[in-house]
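Shown next, in structure tokens, is the structure this report addresses.
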Amino acid sequence: KTKTDLETEDSPQKSEKHEKKLIKGNSIEDGKQMLEWMLTPFPVEEFFKKFWEKKPKLIKRGDSQDIYKSLLSTEMINTMLKENYLEYTKNIDITSYKDGVRETLNPEGRATTPSIWNYYADGCSIRILNPQTFIPAVYKMNSKLQEYFHCMIGTNVYLTPPNSQGFAPHYDDIEAFVLQLEGAKHWRVYKPRSPKENLPRISSENFSQDEIGEPILEVKLEPGDLLYFPRGFIHQAETVEGKHSLHITVSVYQKTSYADLLEALVPAALQRAINSDVRFREGLPLNIHQVMGIAFSENDSPERTAMREKIHSLFERIFDHASVDDAVDQIGKKYQIDALPPYVSKEEKQRTVYGEKVVIEDGNIRCPFEMTYETKIKLLKANILRLVDEDESLRVYFHSDNSKEYHEYEPTFMEIEEDDAPVISMLVNEYPKFVAVKDLPIDDDERKLAIATDLWEKGLLMTNVSVTDYE
Amino acid sequence: KTKTDLETEDSPQKSEKHEKKLIKGNSIEDGKQMLEWMLTPFPVEEFFKKFWEKKPKLIKRGDSQDIYKSLLSTEMINTMLKENYLEYTKNIDITSYKDGVRETLNPEGRATTPSIWNYYADGCSIRILNPQTFIPAVYKMNSKLQEYFHCMIGTNVYLTPPNSQGFAPHYDDIEAFVLQLEGAKHWRVYKPRSPKENLPRISSENFSQDEIGEPILEVKLEPGDLLYFPRGFIHQAETVEGKHSLHITVSVYQKTSYADLLEALVPAALQRAINSDVRFREGLPLNIHQVMGIAFSENDSPERTAMREKIHSLFERIFDHASVDDAVDQIGKKYQIDALPPYVSKEEKQRTVYGEKVVIEDGNIRCPFEMTYETKIKLLKANILRLVDEDESLRVYFHSDNSKEYHEYEPTFMEIEEDDAPVISMLVNEYPKFVAVKDLPIDDDERKLAIATDLWEKGLLMTNVSVTDYE
Amino acid sequence: KTKTDLETEDSPQKSEKHEKKLIKGNSIEDGKQMLEWMLTPFPVEEFFKKFWEKKPKLIKRGDSQDIYKSLLSTEMINTMLKENYLEYTKNIDITSYKDGVRETLNPEGRATTPSIWNYYADGCSIRILNPQTFIPAVYKMNSKLQEYFHCMIGTNVYLTPPNSQGFAPHYDDIEAFVLQLEGAKHWRVYKPRSPKENLPRISSENFSQDEIGEPILEVKLEPGDLLYFPRGFIHQAETVEGKHSLHITVSVYQKTSYADLLEALVPAALQRAINSDVRFREGLPLNIHQVMGIAFSENDSPERTAMREKIHSLFERIFDHASVDDAVDQIGKKYQIDALPPYVSKEEKQRTVYGEKVVIEDGNIRCPFEMTYETKIKLLKANILRLVDEDESLRVYFHSDNSKEYHEYEPTFMEIEEDDAPVISMLVNEYPKFVAVKDLPIDDDERKLAIATDLWEKGLLMTNVSVTDYE
Amino acid sequence: KTKTDLETEDSPQKSEKHEKKLIKGNSIEDGKQMLEWMLTPFPVEEFFKKFWEKKPKLIKRGDSQDIYKSLLSTEMINTMLKENYLEYTKNIDITSYKDGVRETLNPEGRATTPSIWNYYADGCSIRILNPQTFIPAVYKMNSKLQEYFHCMIGTNVYLTPPNSQGFAPHYDDIEAFVLQLEGAKHWRVYKPRSPKENLPRISSENFSQDEIGEPILEVKLEPGDLLYFPRGFIHQAETVEGKHSLHITVSVYQKTSYADLLEALVPAALQRAINSDVRFREGLPLNIHQVMGIAFSENDSPERTAMREKIHSLFERIFDHASVDDAVDQIGKKYQIDALPPYVSKEEKQRTVYGEKVVIEDGNIRCPFEMTYETKIKLLKANILRLVDEDESLRVYFHSDNSKEYHEYEPTFMEIEEDDAPVISMLVNEYPKFVAVKDLPIDDDERKLAIATDLWEKGLLMTNVSVTDYE
């Protein structure tokens, strides 16, 4: 049975096992296990085949209602608010939906517990926008899932008082997994209203009840239950008398479609075509503005036909200049910028720069560990970095220094020489296997050490042995 | 022989003839005549066939050296500087090119005559960036030419002291017509250095003498001479001992190529494709980031091939959603924003809103002229407006209120109803013929009057009779 | 009888007389004559003694109703709007005051005549905010007046349809002269409501009729009439049946009180005191925050008394470090920045840099006039420049290059050496007398020429002879 | 002997004692004890009498070198850098001073340990700009000291490799306490060079060795030693062969002089004088610009004397309108904005809103503790809030929600009614004594509870009993 402990630091017994796992560890597999835990007992493969981007999936928990308990509780929210500085609008929304009217009631400034509980007592819903920034268990879950989905993992927490609804019916632009934590909530889910709203790229406005038709699914979620529905599926939920509801929604695959890939691919291909083929750069015919344009669209002239054909023939030449690899790398770069910092276990930490200690001798400060040709290395996570060819240089984007707060710091990357690119490619392709520094695919031996050291210092590599106890 | 008087307001005798011409007048023809005057005696058609975008063309003037005299003189520059507030960098550049070093020496603030003539005495060249803003004859020439070329007409004036050169060899991103006004200048023109620099989209940096090869043309320009060369052709010019040089360069067709059209067409087509075809909006496969990307480009896997084919098939579908008319209208919209205000002769003015007078009666202010169903109207200029479909509405962009200073005011447009679009189309297609208000292609009679009045009030229409003397 | 021709360029006969006057001319006297013309036949001295800043003054014109006619007419407004680009809000306001409700109805964009006359026909008032920018006669009047008042001269034009009122009762922060141009308007003026609103520094909000008491003056203004009232006096005006009204309001002395001088003087004096006297820089006593503060203001402790006395003694020392001259120069600097460009007559122009011509010889460009030791010079206007000691340097601020549009260009000044300051002081103190360059109070002869040339090139000086005809 | 434990959370035995202390506790006394601990065994009173703002004071530690050890160590810096995101320039400076040249070598981006230790190995000094943000012991020390000094407490940490100097000689604008933590450093201190540089308001530029004269103090600081010197005293320090140095500088009283008070007092008094006394608002005399100004400063005219006297008499009237209380409150407001959040011990926390827990019953969320008329309250810290009269309202500024990062959040205040001000005054004046809610000086009983609840919810109050265990 799949297990994922989101709460406690690992005990010593587990540590040893963990250590072995670490050697062969694959962060994509870890991410998949996290999803298996969420969906358990439903198989992940079947989920992708039958439900993903197609239709809702409900998993009732039955007797193991505590499964998601360690993620979050109302008590933990109370403590989080007292110990951190959360702001309305940036971190917290106060919402209500009464008699068909949806309101956001955010005041300005810090979200303090007295003010939050006052709103709650008045029947308002509380939405926490980025719990992963403040709640370690949520951060750990998202950090693992992002390795599997290779996209930003969003989470929102919703706390709703009895007998109320916080939001109007609407659809979102993401694949949604609703995990019920406390209390209960009555859900209704509706099909997309038209092909245009199938797998939409932006969320809808709020709908009124008469715009959405009949639900295809009605269900009461109780602790431990999970409900999935694709983007474009309209939904609403309300609590019942005498019971509150606390749930967390995990959202994935925002802006991760073929459209997003083509938006990166096509303009770049057009620019390359223009630069290399003079036919694209020739001046437009002098009379074009007297022939083409909507004011002339009723005219059925041979000039119009010829002009359209000329344009079409140029269009078709564009794809000859397209680079799919570069476009995928642009999506990959966005991931590096959006991602949470990697979750690093105690055992992993001891094999990274984060585990290094310093020693002072005669006033000099020394780190005992030093990379050698024999040191074996692997990427800290499968997706910890992305090699990108842009602005006429090669860049390695990475997210080891990202903040738990979305985009708090500037994107981080290192520029590398073309000769060094095979090192990055090898580390990416060999993962999760270790590679000895001496085996890096580059002629210059000193360069091998230099690159490995550089990557390691940025927190992108793990060594096969612990550096903490190194002398 | 072609004649174009750029200097004086028209005399009464000419006025009568002008008035007849006005009725049949066609601003595109007027613009072509202006170009004919510039190129005279060389035929315009032959020029476009043999030289335009292909190679330089020299026209020596011989005995009619005064042809361009009314455009500009050094004395007129002196007066212009005293009577207007020109600023260095914005309106005037001070440049020098000595011993292979090109410098711009602009101080800050107003360009006063004492400081200008001091720089000149020190051997610097003076470049006036937008003489059309301050010199009526240059404004008149450009305003007419823009109707023919349907693009922004740039002009720069260059005043160079004896025995000097103001600029390093370089090429520009525009088709250039050099009109020599005073003194003399020795020119050298060179072919583009490579196919990539043929018809380039951006101007070059400064070249050193050993980067540019041998000139294909060497010539001394004297007053009245004209030299044309296409974008991408490198050029340099210097004055000789004891003689200054004053010339004006007319530049056209900046950013007016098929590339510019495709840059408007392709992204719009992609967005339409995405919105209407769900296959574009499906999520990317989970494993794409382990298969595609430059780190994987050496791998020759079937997944890579399949992925590339899938993308290509989506790409080809994009053109089904392309609208060439809309893209041309976007180029046309840019023209409306960039254009100089139309040159309006005295006779034209009397047939436009600009010629209206007011009368006060019992405290009421009245304009004697009123549009009726019998009033005949035509566009003030062929290209005075452009019908554009954008942001889900129909807009008529126009340039009658533009400033002589580039982009000084916000772009002007009016939104119209879809039902009114045929009116605009008719006026555009019927030009230069007059149309009676009653014949506008629309059902509602009151609406005919309303639209005609609206267009007329914005200065876009001319009536067949004078409104100034209206009672 | 005082005469001021605001409309036409001076005729040849007048020119000769003008030329003599020019030699002795004093721009402050010219400005005073402009005010005399406005107030005629009421004596200016008596006006300042009895009415200025004290109470309203009405001057009925009787049989010379045309006196202000050349300034502006409704027909001139129509033409101005067609020939210039005026924008709502920036240049034009559309206002109404009906049933106690005051509204501003400005649309966006250009103020075209059709839209203006439509608003007018709907009973709205038209306010032109800066007619001096577009109407030469108004510019000429203001430019002369500013030399007398040494402050920015504001003008607003108000065009009101019959039977209406455009503004609610209110008071302004300026001394107002209302000049009736066309039609008629019924005015009511009220005393300041309290000492606090006597000579106020900011204009009031709109009042309702029951907040303002009884008028102290009711009058119908007709063409040629003038009404003056000080800042703080509430006023309102309405037109009658069948008659429109056109008037211009000239406003002076905004922010020109002792308060404005002290606001420049006191902070500067405090900074100087702090810098030179260490007693100001000593740390505050540790307990001050437990003794002083409004939470302690009820406590009657000896510590509080001692603390207050200590502060008072420091305060009194501040004035020892005050410089009244510098503070007045700061007010003077503001004038240089705000002022309209000087009005320069044809005869004056011929004696300034604006009258210089250029000659081309052997490619060299030469200005025939050259300053010599014998050249006699005077300031173009009494207040054309201001010597200011600021930021540890000496600056000469001047307004010869200002735009007719308020603050369109950056403030202009030249930095001078301390040794050159006496030259500026002499020119200022000797005005309106001419001074020979050789007599400038400075040792170095070449420096005399250099400074004189520098000032002359900036348009600040006039020579005793014409430079235009110089060979 | 004074003891201050900066490192560990208090043990249970200590807790009980702590709890008693808490009842009578006075944060100003706590702050003073912190300073006593720093200066021990030198008496604080004597320090302020003889050295504060006057001259340097050295305290050699002798046999208790560990006194400051718990504050910070090089090992703690290594860990801090790995666990937090510190940025160069914002948090860390890399500096060097070699051969008289002072350089800052900050790269961009995150300060990682490998890059820091590389700079250190190259002989650079490391300056940590705000260690209090990241190091709990430093935060605790500063938070306590700020209650005593009532000003922002700055701290900088300096880590210097052997045989080097990181900074050029200079003086600062703050009172400096240097606490040596590890290694050794050789210091030289110099007197202010002139009266103007005595107690300066801004720090100096870097001096060369020949500008600073002879040191008045030379000393080698070793772990546990303290060196104090006032602002304006020039200083420099270098390490010796084979030994590094780590010290922390505590800086106080930046911008806390009479000058700062007068800068708040004088402009406000001037505005009040202008508003209430019409003599300040009268217009300046017309001729002032021909009489006053530096161009006229040599003229010894009676007009000049009269004008200066008039201004002086107005100046003297200004103080009648001065409010010292308001000015001190402005300084106090600045403190609230700049201060670190209060250090709250475990026992204190249990008596504040931070100690409250929540209970869920029937879906309702309840906080068991409720304020009653019998509840006894006191301010959490003496200076936790400041009552300020500004912008025509009464505000209570407070710093309980401030960030440990300087000015990270918006300033926080609550507006109160004038009738409620006595409640704030009472709490401030009665501190450190408790007051029963029922005894608050206000008529309306419900209002008493409301205000007390409001202040308590913002974390400004402590109750006499624990709220954590409340049922």
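Think of it as A, B, C and D in the order they're written, each chain with its own count starting at 1.
Just so it is clear, a contact is a pair of C-beta atoms (placed from the backbone, for glycine too) under 8 Å apart; a residue touches a chain by one contact, two chains touch by 3 or more.
Note that the structure is a prediction, hence the values are computed from the model and not measured.
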*Name the chain whose C-alpha centroid is most distant from the C-alpha centroid of chain C.*
A
*Inter-centroid spacing, chain C versus chain B (mean Cα positions, whole Å)*: 41
_Need the CA-centroid distance for the pair chain B / chain D, whole Å please._
62
*Using the average of all C-alpha atoms in each chain as its centre, how far is it in Å between chain A and chain C?*
62
_chain A and chain B, separation of their C-alpha mean positions in angstrom_ = 47
*For chain A, write out the residues touching at least two other chains, lowest number first.*
none
*Go ahead and list every pair of chains that touch.*
A-B, A-D, B-C, C-D
*Could you please specify the touching residues of chain C with respect to chain D in the complex?*
28, 48, 52-53, 148-150, 175, 195-196, 198-201, 253, 256-263, 265-267, 270, 274-276, 278-284, 286, 288-290, 292-299, 307-308, 310-312, 314-316, 318-319, 322, 324-326, 328-329, 331-332, 335, 382-383, 386-389, 421, 424-425, 428-429
*asked:* With touch defined as at the start, can you tell me which chain C residues reach chain B in the complex?
replied: 74-75, 78, 82-83, 85, 87, 109-110, 112-115, 117, 120-121, 161-163, 182-183, 239, 242-244, 353-354, 356-358, 360, 362-365, 367, 401, 403, 409-410, 412, 457-459
